[in-house]
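Naming follows writing order (A, B, C, D and E), and every chain is counted from residue 1.
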């Protein structure tokens, strides 16, 4: 169990680090979306289902949608 | 007559004048004159009274106290008289200028604040009135615009520095003695260590020195005096800077006490001696800088600094004669310098703001009253016998010689020579010689300008012939300080080391004048020639350039100019420049790039944590 | 293994926090900075929940009376995080709308070039 | 008896209701903030006599303090509430005609919420609740800075937002650490337990919390957002940001340091930080050409002075600091309000474009002059007694170090005097280049300025009006034992 | 260069936090407040979900602040993105049929789901926030699928306002009748684990749900509005 969690956390950190390096902002947003998703899974493991729901719906879905809309209205690539 | 009533009239009157000005200018002017004359009458009524009374509400738990005694009265009467004369002078001077309401408001406000300063019985109200005076003076100096703005800035910055020093001093006294009442502090100041008193004195004397323009702090004065409206220049020079003198007297003789003061430091390094040296330098250098000036008001301004040196010298020297001389010289300086500024103001008024000595001349026939005023004024300034300046300078010289201080005596005498030079230049270049073409049709100054000039000229002669009148008051002040009493007669001072009797002088000079008049009559008549009647090989002469008053004292200039650079002022300007550069440099930390700002935040956290982890300071 | 058990959540949470801060420190692109902010906020939330966790606890919900005997995790941090998440989304939405407007005005999102307000 | 909770709830409810009022009539919307703050002012003034006897502790939802959220209406809280209500009321009157562009409804809602957040911060007794209200304050200020939507406003708002968001994340981490260490969020309860932990482990949350709050309070390295935001916002908002928002941030910092942590060892550091903030603020203001930026930097300087005073942590010093805070609120709000219409008339923020305003807008210029004199600390205006108290407190320490530091403070005052006097000269004594006919600010602009001027002069002449409240407020800050006892019981 | 400095600074902070974390062991109970809520929460509030009882009752002032923040964000977004130009009818490229049909099918279901989550907040995981977000995501979907359809702004504003007002009014009623405490739980607690229980909690949570849903919808609406 703990190994699975460690793996998830590793994945989460890798996704976060990946967000640093992506030049395409959409990719970076997806990476951060992934961070949120894994965080919401972790919340579930930490016995916080309410927060897990909120994080999944807000952090993963809504924020990413807002990011993508914003990127559509500005510039997609980081120079 | 209660003092708060007097101050209420003074302050309320100034505000009410402003309100009236919105209705009608006539009403405003008559009300301003009325208020200032009322103040004179009220202060005259206070003569000889000693009142000390706390005001009915305090400030932050500190009582506000008003009081009057002989010293306050002398200053108050000088303020109110000169103030009312300059209000009268302003009637025509300021008539057609814009913003006259503002002018009167500030003029009366400054007078009221100065009255507040001399009537306050505790250091807190002293400081409050001092500050009100400072900022209203700033507003009035800037009134003329143009070059006046820079002058005003210079004044207010130096004045703020002084005020801040004073604020520290006031509060330090409060934390040490638990009171700000001047008489209570005076009673308990004997207990303090001389180190503490010295530091307090340095703080206060910075403030007073800046206001009084003694040497290292003088640089605001010339431009401020020159650029202010002339009636206000006369107040500025006659009274306002003397608030510093009042402070010096208050601290040396009332609060610290003469004995303690004389014992601060030893020998050459004693506080008193240093103050005397500063006074002497303040006489010497500015007097000769005054000779170099081409602007009438600037010349008078530098002369003011020089004369302030005499006053400080007299007060700081600390014998009963010298103190009497110093205080009397303050009084006289208020009279004759006030007069001279008014005269220059009258000339400036008629010539549409020309004060350049190189382009004036020959106004004697056009403005005779002004000429007589100027003549009497410079006689007083030089200290010719039968004018009041003679008596006060005589008192100062006498002490210096008797007490065997050759350098100080030399400085005082040498300063007088310089005074003669620039005084002559002033009167010659304005009134004597030939009248330039453009001033052919100049009018006499209006009556409201002549009246103050006449009154002040009369006062100079009166106090010169009968010096006993003010000296009696001054003697009473000296006695209240615990100095020896002088035996004052109506005609002067009787003492074993050499009496002063103006009656003898009067007779001697009268005889001398008659003799000179006969010789003059017996001589040849001078032939008068037109100004353009010059031979220059047929070429046209540019009038301005070859006006004969240009480069007056040229040889002397060439001799002394290299030694008379105002390096102190240059240093201040440099300091201001450095500050400006530093300020522009500092604000570069706000680079505009958010990454840096976030970096500052992270840096702050990291730094604190690092310090705590490394050294466990907290 | 005990090390992992004791610290892995903290490592994850602060890993996210520092990665988020790092992005905000070194990246010039405004959207990237806002992404960093969102990662930072996720990390903070994870940390708060981790503080409230109790080993072998259950979720603080009495769905039926049988579970009463068991230990429950601390509900307070969960309540705080619910609040914090909503605050976070509010800030992000506002930031993105500002970014859109900024792009309107400047035509770039490079913060190094958006330096009209300075000194 | 009126409940202090009304101070928060009524403006909040009215803000929520504004869209509904908007359906009835667009016109009445702008009067709602006035009504709300008039109500708040009345409530806060009614509370004063009661609060001076003993602080009122309000339990939200009826749960006893460590378990529920509670409000603590002590002298400090009510003092700040009065201040917020006064400034809010006057600036709301000002905004009646000043706000012309954009959606007015949104402006008034955000304005109400901004000040509600400020009231909440000063009244709450729970640190997470403080965070929430702090966010209300911050987020509505981000939105209001960007309200006009021009280049400068948007740029400043995004910069402000990024720094503020980093700060609130730090704050939240700090709160989380504290909760982990002590298992409670109530400030009094935290204060009670704070000594039980080792100093080093408490230090990190303290630094994080101070940093998070210090960003809003504009303490030196954290204040880079301030000049941008204050100069780009609409002037009425600048007045509130400068007069209320940073003061409330400072309140939070002081509350956290004095009451929760009670660390006296960090005070010396804060004294130096205050001096540094003061000097840097004044020096930056000195070379500004933009009037609103100059005022903003001057606010930094004033905040430095207040931090300096508070960090001396004697009763006199804290009283002086609070007095300075009040005088800064009055003076700086007045300055921004006055400058608002001047900029509106001249169309530029350059100081040079304000030349000759003394003639065009005499009353507004007079208000500016009085505000400037008050900020510099000249008698008989309110800035003087406050500066007097601070200097007195520093000298009462009887240490050479503090005498030297007060010298630096007064050096800062000299610089401040220099740039304010320069502007006053520009207003009155320089010829304007534009038209010079009289064009005064409208009455709704003049009324608040007039009230501010009256307050400045009246309190300046008779400071006893305030000193009672300030003294008990200072003792509330300094006596954390009493605070804990009054909350926990 | 800059990243190296940043890394150094961050590692210093990490060190400090590690020192502090050393005193906060993971997974160990540390709080009396949490225990109090778990012990007394059911009697005092009547909600089975303790998190809900904390959010809506013990710490409901935070929640009030939180919906206010979302409200501010929605208004602020509107103020920032407000456009002065007239909205003209534009040609909008219709979404693909699959998306369109899917959206129309899913939209009511998602709304229902959101309502369920909101209403059962005191019994099961979830509550007003989560429900509100789900409702908002339904509208997001509608924007994706049925382009050109707009929610009426007036409606959003009304719901937003009403939600907030219900919250405040419930609180004020509590102040008036419920023992003089703002937001006190003055209704009967009912039976644990039944829908009509826990006093004012469901009412407030529904209000929160409506408010959060409408605010987030408003946010999305403002963002999408101009994206073409």
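One rule holds in what follows: a contact is a pair of C-beta atoms (placed from the backbone, for glycine too) under 8 Å apart; a residue touches a chain by one contact, two chains touch by 3 or more.
Please read all numbers here as calculations on a predicted model, not as lab measurements.
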item	value
Where subunit B and subunit C overlap in contact partners, by chain label	D, E
Intersection of the contact lists for subunit B and subunit D	C, E
Which of C-E and A-E has more C-beta pairs touching across its chains	C-E
Most distant chain from subunit B, judged by the mean position of its C-alpha atoms	A
Chain whose Cα mean lies nearest the overall Cα mean	D
Inter-chain centre distance, subunit A versus subunit E - centres from mean C-alpha coordinates, in Å	19
Distance from the mean Cα position of subunit C to that of subunit A, given in whole angstrom	10
Distance between chain centroids, defined by C-alpha means - subunit C, subunit D (Å)	29
Averaged-CA centre spacing for the pair subunit E and subunit B, given as whole angstrom	73
Residues of subunit E whose C-beta touches two or more other chains	2, 6, 10, 13, 16-17, 19, 21, 24, 30-31, 33-34, 37, 49, 51, 58-59, 62, 65-66, 69, 72-73, 76-77, 80, 125, 127, 129, 216, 219, 223
For subunit B, residues that touch 2 or more chains besides their own	587, 590, 594-595, 598-599, 602-603, 605, 609, 612-613
Contacts with two or more other chains, residues of subunit D listed in rising order	128, 132, 135, 139, 142-143, 146, 149, 154, 157-159, 162, 166, 173, 179-180, 185, 200, 203-204, 207, 227, 284
Inter-chain touch pairs (all)	A-C, A-E, B-C, B-D, B-E, C-D, C-E, D-E
Subunit D residues within the subunit B interface of the complex	158-159, 162-163, 166-167, 170, 199-200, 203-204, 207-208, 211, 214-215, 221-222, 224-225, 227, 263, 265-266, 269, 280, 283-284, 286-288, 297, 373, 376, 378-380, 384-385, 387-389, 391-392, 395-396, 398, 403, 406-407, 410-411, 413-415, 417-418, 421-422, 424-425, 428-431, 462-464, 467
Touch list for subunit A against partner subunit E, complex	48-50, 52-54, 57-58, 61-62, 65-66, 69-70, 72-73
Footprint of subunit C on subunit D - complex, ascending	128, 132, 135, 139, 142-143, 146, 149-152, 154-159, 161-162, 165-166, 168-169, 172-173, 175-176, 179-180, 185, 227-228, 231-232, 284
Complex interface listing, subunit A residues touching subunit C	2-3, 5-6, 9, 12-13, 16-17, 19-20, 25, 28-29, 32, 35-36, 39, 42-43, 46-51, 54-55, 58-59, 62-63, 66-67, 69-71, 73-75, 78-79
Footprint of subunit D on subunit E - complex, ascending	16-17, 19-24, 30-34, 36-37, 44, 57-62, 64-66, 68-69, 71-73, 75-80, 82, 154, 157-158, 160-162, 164-165, 168-169, 171-172, 174-175, 178-185
